[in-house]
């Protein structure tokens, strides 16, 4: 009870065009902690305050984009139940054996009608955040190496059929709808923010004709002052910034969108409110989405709608 | 799934010595929103960003202290199941009919071995936070009336038998242990912080010989700057401050403890990290609890251990 | 000694297209305190934490823009000396009698080669910030009415001949150059930031073919969190935002540029470092001014260069 | 004009009991930059964002305390004039030759009636803050090494005859009184805060029977969040904290007082308002100084009044 089923976003695997350039970027600019490499050549990272072995995996490829996004579930029984539920709902699932991702147990993978691969898993080695479990300090030096987000927070994916996607997340996986952007005709949603917790989003989708696209993976910072610091570090390192620093109207989050060296957008953000599953979702009208995206500027940045990997 | 069972702290009922003085304090100094009064003379408040009708209820009495602390559960079926589970565990429960608390459904009440009355309920009228559900602004004027916390966040209760209390919360109600203070002998815990979410605490207990005591109800602020503002407002209104502004080592939260006009301690705080039920609890040794309480000062304020209502 | 001569920016008089709409804007959205109206129909404002009677005066006119910008000087003797110095330098000065601006002493006015009217004055009635001078609280309710800046901080003016302007400010008025943007050819400056204090700017100029233009008047906020709040209030009130929230590379200030209802740009900002007259000026190359303007985005917003009143 | 005469606090020389322990503390915990050692065994530090060679000099001795506190003046002519003015006022001055302090020009030294040695000097080598003067970043890695204050901001000295001290600072050196604590009888001041700028204090004094005592040297931080970070670092390094984090009523500054390993108190603080020499001083009554010292707690910490070096 309380927190059961799907716990949280656990890992994303993202394609990069140049591995070592990307390792430098994610380690020293974004400030993730490199935790391993595997025989496929993938490099594993975690955020400094996360305890599990990895949250972000990169592999070199000819095109940027996301391979899959995974959620940690409570335990193995939950994994089995959710696999059965997904199949009962009519979705094909596959099993990836434990160890295929470093320090990660067996994964249940399925494809969304939006073309994205989602994974569930129950086990990932706890390697800690580098702070003792007895008399812990609130942080350590890793917090100030690069932008140094606290955790992989969520992702925003672009693809078709998000109404069907929403049903899978809410009817099978226990998520609830937190916010949405209404279609121009008001007959559906063109963007949905979904939570399996009391975060404003654990995953989000925007309706888009092409399948399987990544808008951004998002990393959590502690404060608005840390968002400013993130922007400073981006500029010092000539990172291409898309939008921000600013506040989203949607979720109230305070954000910068920028691109990694391969063109994968990422977000560093803080804030938002604390929704619960008994809350009614908030809605943004299509003609006011500019305010939902960039609250102070009320400006519909073209790149938000069109640039994905 | 995801968030099920017990959702969150929902209400506290607290005794005050002078009703109108207290109404002034909670409305204009702490900055809660008064939402109603009932025929028993109780006055109801909510935090500005909460959507349910009330979170804090005061009644005039000869002694200060807490009457009961309630949690909202997911739905009526959950309420029935938890009631049955509590009874199966060996705890007597009673039903308080819907409407006994304004705008609140039927409550299941039971007494902890620490002497505190805990309630579960599935229904409380949603009256909103005063911001439209379509194209919502991130806040409104209510956010700046008094200290104006976002939500009732948790409480800390003092009483005996907290090992038994912990078992009830973790084995029956789905909470997990986030942090603890070890006893001097290391054979148990003298303080426990419990979560039913990914907050660092939804309720906490400290071992204490006398039953049913209130250490503090805690209200969440948005930032460390808002904690400073809270301290300013306390001083402007001659509120008695106990500890802070400071950071707790335990939970990393940033805090001020102060007393309402009747001597009930309350906390205004922000921060903490984001635990999940798969996390190992963090521990504080008894001889280092000073750092756990007041991280910068490493000072064991006597009042923390001895002043309760 | 120490602080002598010119003390600080004291007042700006700005033209607006609709007086009452502008009064509403400056009083309730920007959150200035209205302190008077005169028989010319001008409306006077001060920032909540300023002690002198006014810092910002608006009058209704057919075109937006700035009439004059004034500096308070230490005393009457200083005023006489600076008048004589200006004349000795070859600038014509005129005297505006005490009382022509409400609660303001005699003013010495002169025209810069950039076409702007600058004033010096030694006296303006101290009306206080509404907080007692004995046992003062750090702030009062006025701090949270609208955006509520602390003080008129500086202005940025556009016009020709800024090299000559710089000589007047540094050789006659005791200012020093804090930062500059070098011309493309490196043979001069296209933008200059000047200080008569240890602020990063008390006035700034950008080379521009047309005389007497206002880029913005700037108002100081206390923190980056207050800049976020300012952006929220702008959006809630449908204020047109130009740039920000962001950090300037130039001065390190953290800023939002926006427009009043008449199209006069204003800035709400915080931060910057603490220069002194013995510091060497910092320089920005022309090809990198994008980073100087918008540090995180490194983007040369077209409006910054072309939209003035 | 504008900023003339005395510019700012330039250096303090402080006695420590163990040199290398102190070097470690000031370099790695407080986060100053070590810039040199001289043949007397003194170690020199500057704050990361200062440009002059040193601001804080320590030497090993049997007792802790302050040797002297120095102010930088505008130029050599100013130095000569102030020396003459001091002598004309009746104070004996001595000259310390250039180079006696590393990278520092000739100093004019005099003793205050409070028993403190004050120095004036016009020259100290500019070594920069490590950031290029062309296209400067807002900060560099030095900002995050230890607490890393921006600048030596002021000091508070305890000694007798502060009324006479005030006259010297205001009548000879061009300072003005910003705030004061009235004596119990109201016939004088027991504490005075003096500025030669628009900072709330460049130096402060408290009446005390013993001559030449140091209450604290103060270092400026950028934000309240940085004050929290300072407190964290103090606790991680087992620094003895005296008071804070809290807000002073006096000056509105937000502060932590702590002790170096030799028992010299230092302050890390931010904030305050922006006074000018035409402002009336603010006053605190003796019976309300608790609020002036610790605004939220309104508590007169005994150590503030009695512990000095």
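Per-chain residue numbering starts at 1, and chain names A, B, C and D are given in the order in which the chains are listed.
As a convention for this text, a contact is a pair of C-beta atoms (placed from the backbone, for glycine too) under 8 Å apart; a residue touches a chain by one contact, two chains touch by 3 or more.
Since the model is a prediction, treat every value here as computed from it, not as a measurement.
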* From chain D, which chain is the farthest off, judged by mean CA positions? -> A
* For the pairs A-C and C-D, output the one whose chains share more C-beta pairs in contact. => C-D
* Asked: Between chain C and chain B, is it the same set of residue numbers doing the touching on each side, over half shared, or a different set?
  -> same
* To do: Compute the distance, rounded to whole Å, between the mean C-alpha positions of chain A and chain C.
  => 43
* Geometric centre distance via CA averages, chain C-chain B, whole Å -> 47
* Structure fact -> Here the gap between chain C and chain D, centre to centre from mean Cα coordinates and rounded to Å, is 31
* Which residues belonging to chain C are in contact with no fewer than two other chains? -> 137-138, 223-225, 232, 235, 247, 249, 291, 295
* Going by the contact rule at the top, pick out the chain B residues touching chain C in the complex. => 137-139, 144, 223, 225, 232, 235-236
* Asked: What residues of chain D sit close enough to touch chain B in their complex?
  -> 224-225, 228, 231-232, 234-235, 238, 241, 244-247, 249, 254, 256, 291, 295-299
* Structure fact -> In the complex, the residues of chain D that touch chain C are 1-8, 49, 51, 72, 74, 78, 82, 126, 133-138, 150-151, 173-176, 195-199, 222-224, 247, 249, 252, 271, 273-274, 276-285, 288, 291-292, 295
